[in-house]
Amino acid sequence: MASRPEEFARYRQQMNERILSVDNQVVRRFFALDKQTYADSEHLSAQTKELLGLVASLVLRCDDCIAYHLAQSRKQGLTPAQIFEAMSVGLVVGGSIVIPHLRRAVDFLDQLESDETPAAEGCELHVQSQSAGESSASR
Amino acid sequence: MASRPEEFARYRQQMNERILSVDNQVVRRFFALDKQTYADSEHLSAQTKELLGLVASLVLRCDDCIAYHLAQSRKQGLTPAQIFEAMSVGLVVGGSIVIPHLRRAVDFLDQLESDETPAAEGCELHVQSQSAGESSASR
Amino acid sequence: MASRPEEFARYRQQMNERILSVDNQVVRRFFALDKQTYADSEHLSAQTKELLGLVASLVLRCDDCIAYHLAQSRKQGLTPAQIFEAMSVGLVVGGSIVIPHLRRAVDFLDQLESDETPAAEGCELHVQSQSAGESSASR
Amino acid sequence: MASRPEEFARYRQQMNERILSVDNQVVRRFFALDKQTYADSEHLSAQTKELLGLVASLVLRCDDCIAYHLAQSRKQGLTPAQIFEAMSVGLVVGGSIVIPHLRRAVDFLDQLESDETPAAEGCELHVQSQSAGESSASR
Amino acid sequence: MASRPEEFARYRQQMNERILSVDNQVVRRFFALDKQTYADSEHLSAQTKELLGLVASLVLRCDDCIAYHLAQSRKQGLTPAQIFEAMSVGLVVGGSIVIPHLRRAVDFLDQLESDETPAAEGCELHVQSQSAGESSASR
Amino acid sequence: MASRPEEFARYRQQMNERILSVDNQVVRRFFALDKQTYADSEHLSAQTKELLGLVASLVLRCDDCIAYHLAQSRKQGLTPAQIFEAMSVGLVVGGSIVIPHLRRAVDFLDQLESDETPAAEGCELHVQSQSAGESSASR
C-alpha cells in the first residue's frame, strides 16, 4: 500500500500533468515560475527558499503545500529539527489556528522519515540526533 | 520630521508599552514568546528566522509586520538583495494580491537604507552593489 | 457507487436541510440571500455571477465552495474552457497556494464531465473541442 | 468503530504528544499559552471564551479548531442552541465561504450529542428543547 | 477637530448611506441581516455577540470592523478589561500577525474612553478600576 | 491637488518601476504574467476577467487591488451598476468583513466617475441612468 507521502506525490504529479495539458498559457507560465522560485540563486540558497515556502504555506494553512515543501526540504538536506524550528516561527506568526496543520505536518514529516529509513530507530531520538551538530539552514 | 521607519518604530514602541501595562498574562506571555521566536538558536540563524517572519508577514499581508521584519532583517545584516529575493518567494506563494504590500515593503526598505546612509548614492545601484558578493542568508 | 460530485451534492443537501431545520432567522436569511446572489439580473448574467463565485471561492481556497460553483457553472452552460480560464485568474491573484485547490477543482470538473457524458471521449480533447467557438462567459 | 469525535480526539492527543516530545521551547510555550487562554478568568467566563474561540475558528475556517471548540463548549455546559447562534455570527462575519464549515460543524455537534445521549430522541427536537429556558452564554 | 472615533463613525455613516442608495437588493438585505445578527436574542446576549463580532474581526484583521465592535461593545456596557481579555483570545488564535491590529484597537479603545470621559484620569488606572468587580461578559 | 485615483495611479506606477528595476527574474516574470492574465482571450472577455479580478480582490480585502480593478473595469467599459453588482457577490461570499472595503471601493468608484465627468450630475442618478439598458458584463 502506498504511504501518504507516496500517494500525495502521485496525485500531485497526475493532476499537474492534467492541468498542464490544458492549452492555457497563464497557468503554464505560473507553474514554470513556481518551479523557478525555489532554485538556488545568487542571494539565497535553495534550502532557505524551501523553508520560506514551507512557513508561508503553514501560515496560509495549505496542507498540500506544506507536504510538498516538507518533502523538498528533506531532499535539500534540511534536518527535521531545522524544519521543526522553522515551523515554530509559523506557529507564532499564524497563531493556534496553525496547530492542526502543524499536527499533520509533523505526521507527514515522520512518514517521510520512515519511508526513507528502512530500519528506523525511534522517531524522536532520530530527530534529535540528526539535528545535533547541524546549525545552518542554508549554505 | 520623523521618517516613516522612525514614526513606525515610535508608535510600535508606545503601543506595545500601553498593551503590556494591562494586567493580562496571556497577552504578556504572547509578547515574550514572540520575541523569543526570532532568537538565534541551535538549528536556525536569527537571519533565517527573520526572513521566515518577513515572508510569513508578506503572504498574510500585514504591512506593519512586514515593516518590522524588514528593519530587523537589515539589523541582522541581511542585504537588500537577499531580502528582496525572499520577498519574491512570498509573491509567488501569495499571488498578485501581495503586490501592493510588496510596493510598500520596497518603499520602506529604501527609506531604511536612506536613514542609514547619509550620503546615499542611487538606491538601485546601492542595492545591487551591496548584494554582489553576498550569497548567504544565514550563518 | 456514488461519484464524488453525487456524494458532494448529497451531503450538501442533507446538511443544508439540517441547518435550515434549526430555528435561527439569521442563518435562514443568509441562506436565502446566498441563493438570490447568483440569480440572473439586470446587470450581470447568472453565468458571470457563477464565475465570480467560483473565483472568489478559489482564492479563498474553499474546496466545497469551488465544487458547488463548478457544478453550477456547468449547469449554466459555461464550457470547461471558460471555467478553466476563469480559474487562471484566481491562480494569479491567489498565488501558488491556490494550486492544490486547482488540482482538486480540475479533478472535480473532469468527474462532472464524465458523469454527464456516458460515452465520453478523451477529456482533454473534449475540453478543447467544446471550448472552441465559444468565446463569451455571459449573455 | 470510533465515532468522528472520538477519532478526532484520539489523533489530536497523539499528535500533541508527538509535538511536545520535540525539544522546542517556543512550541511548548505556545501550547501552554493556548491552554491558559480559555481558562475562567476575572473578566470573562470560560463559556464566553470557548464561544470566542469557536467563532474565531469558524471565520478562519479551520475544521479541527472548530471541532475542538465545539467539544469544549459542550463540556463547559453551553447548549447546542447557544453554540448554533454563536456560529450564526461567524456566518455573517465570514460570509458564504463559511457554509461548508458550518455544515461539518453542525454534523460534528450532532455526533457529539449522540455520543453523549445513548437513547437520543430526534436531534432537532433535542436541540430546541435543550435551548429553551437557557439564555445565557456565560456566568 | 473630530477625534478618530468620531471621524470613523462619520465616514461609516456617510458611505453606508451611499451604498444603500444603490438599487441592489442583495446588498441591502445583507446590511439588514448584519444589523440583526448582533441583536439580543433568546440564546445569547448582545454583549456576548459583540465580543464574538470583535474577536472574529480581530482574527480576520479588519481594523474598521474592530473599531465598530469596540464602540458597540462599550455601548453595550462591556468594560475595557472584558474587551481586552476577549482580544487576548483573538491574539492567541490569530497569532502575532494580529499584534498591529491589537495596537490600533487599544489605541481606539483608549480614544473612545477619553471621548466619553471629559475629566479622564490616567487610562491604565481607569481600565483597571472599571473592570474590577465586573466579571460577566453577558447577562 | 491630485485626486485619490490620480494619487493611487502615480504611486503604483512609481513603485512598479522601482520593483522592476531590481534584477530579479521571478518578480519580473510575475508582473508580466499578471498583466497577461487580464487580456481578452478566446474564452473570456477582458470585461469578465476584470470583474473576476475585482471580486477576488474584494474577498481577499486588498484595497489597492480593488482600486486597480475598479479603474480597469471602467476603462473596459463596464458600468458602475455592473461593477456594483459584481461586488455584491463578493460581499455575500466574503461576509460583513468585506463591508469596510466595499465602502472605500464605492467611494473610489465615485471619485473615478467625478474625475471622468467634468459636469457630473448627482452620482446616484448617474449610476442608475448609466446602468439602465446595459445588461451584459462581457462581449
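First chain written, first letter: the chains are A, B, C, D, E and F, and each begins at residue 1.
The definition used in the following text is that a contact is a pair of C-beta atoms (placed from the backbone, for glycine too) under 8 Å apart; a residue touches a chain by one contact, two chains touch by 3 or more.
If you're wondering where the values come from, they're calculated on a predicted model, not measured in any experiment.
*Asks:* For the two copies chain C and chain B, is the contact made of the same residues on each side, with over half of the numbers shared, or of different residues?
*Replies:* same
*Asks:* From chain E, which chain is the farthest off, judged by mean CA positions?
*Replies:* A
*Asks:* When I count C-beta pairs in contact, which pair ends up with more: C-E or D-E?
*Replies:* Higher contact count goes to D-E.
*Asks:* Specify the angle of rotation obtained when superposing chain A on chain F by their C-alpha atoms, rounded to a multiple of 5 degrees.
*Replies:* Rotation angle, to the nearest 5: 180 degrees.
*Asks:* If you average the Cα atoms of chain A and of chain E to get two centres, how far apart are those centres in Å?
*Replies:* The mean C-alpha positions of chain A and chain E differ by 39 Å.
*Asks:* Need the CA-centroid distance for the pair chain E / chain F, whole Å please.
*Replies:* The separation of the two C-alpha centroids amounts to 30 Å.
*Asks:* Any idea how many Å lie between the Cα centroids of chain C and chain F?
*Replies:* Centres of chain C and chain F (C-alpha means) sit 24 Å apart.
*Asks:* Would you pick out the residues of chain C that each touch at least 2 other chains?
*Replies:* 26, 30, 33-34, 37, 56-57, 59-60, 65, 81, 84-85, 88, 91-94, 96-97
*Asks:* Using the touch definition up top, name the residues of chain B that touch chain F in the complex.
*Replies:* Counting only chain B, the residues touching chain F are 61, 81, 84-85, 88, 91-92, 96-97, 99-100, 102-104, 106-107, 110, 123-124, 127-128.
*Asks:* Hey, which residues of chain D end up touching chain F in the complex?
*Replies:* Against chain F, chain D makes touches at 59, 91-98.
*Asks:* Which residues of chain A touch chain C once you look at their complex with the stated criterion?
*Replies:* Residues in contact with chain C: 11-12, 15-16, 18-19, 21-24, 26-27, 30-31, 34, 37, 56-57, 60, 62-65.
*Asks:* Would you mind writing out the residues of chain B in touch with chain D in their complex?
*Replies:* 25-26, 29-30, 33, 36-37
*Asks:* Can you name the residues of chain B that touch chain A in the complex?
*Replies:* 33-34, 37-38, 41-45, 48-49, 51-53, 55-60, 65, 79, 81-82, 84-86, 88-90, 92-94, 131, 134-139
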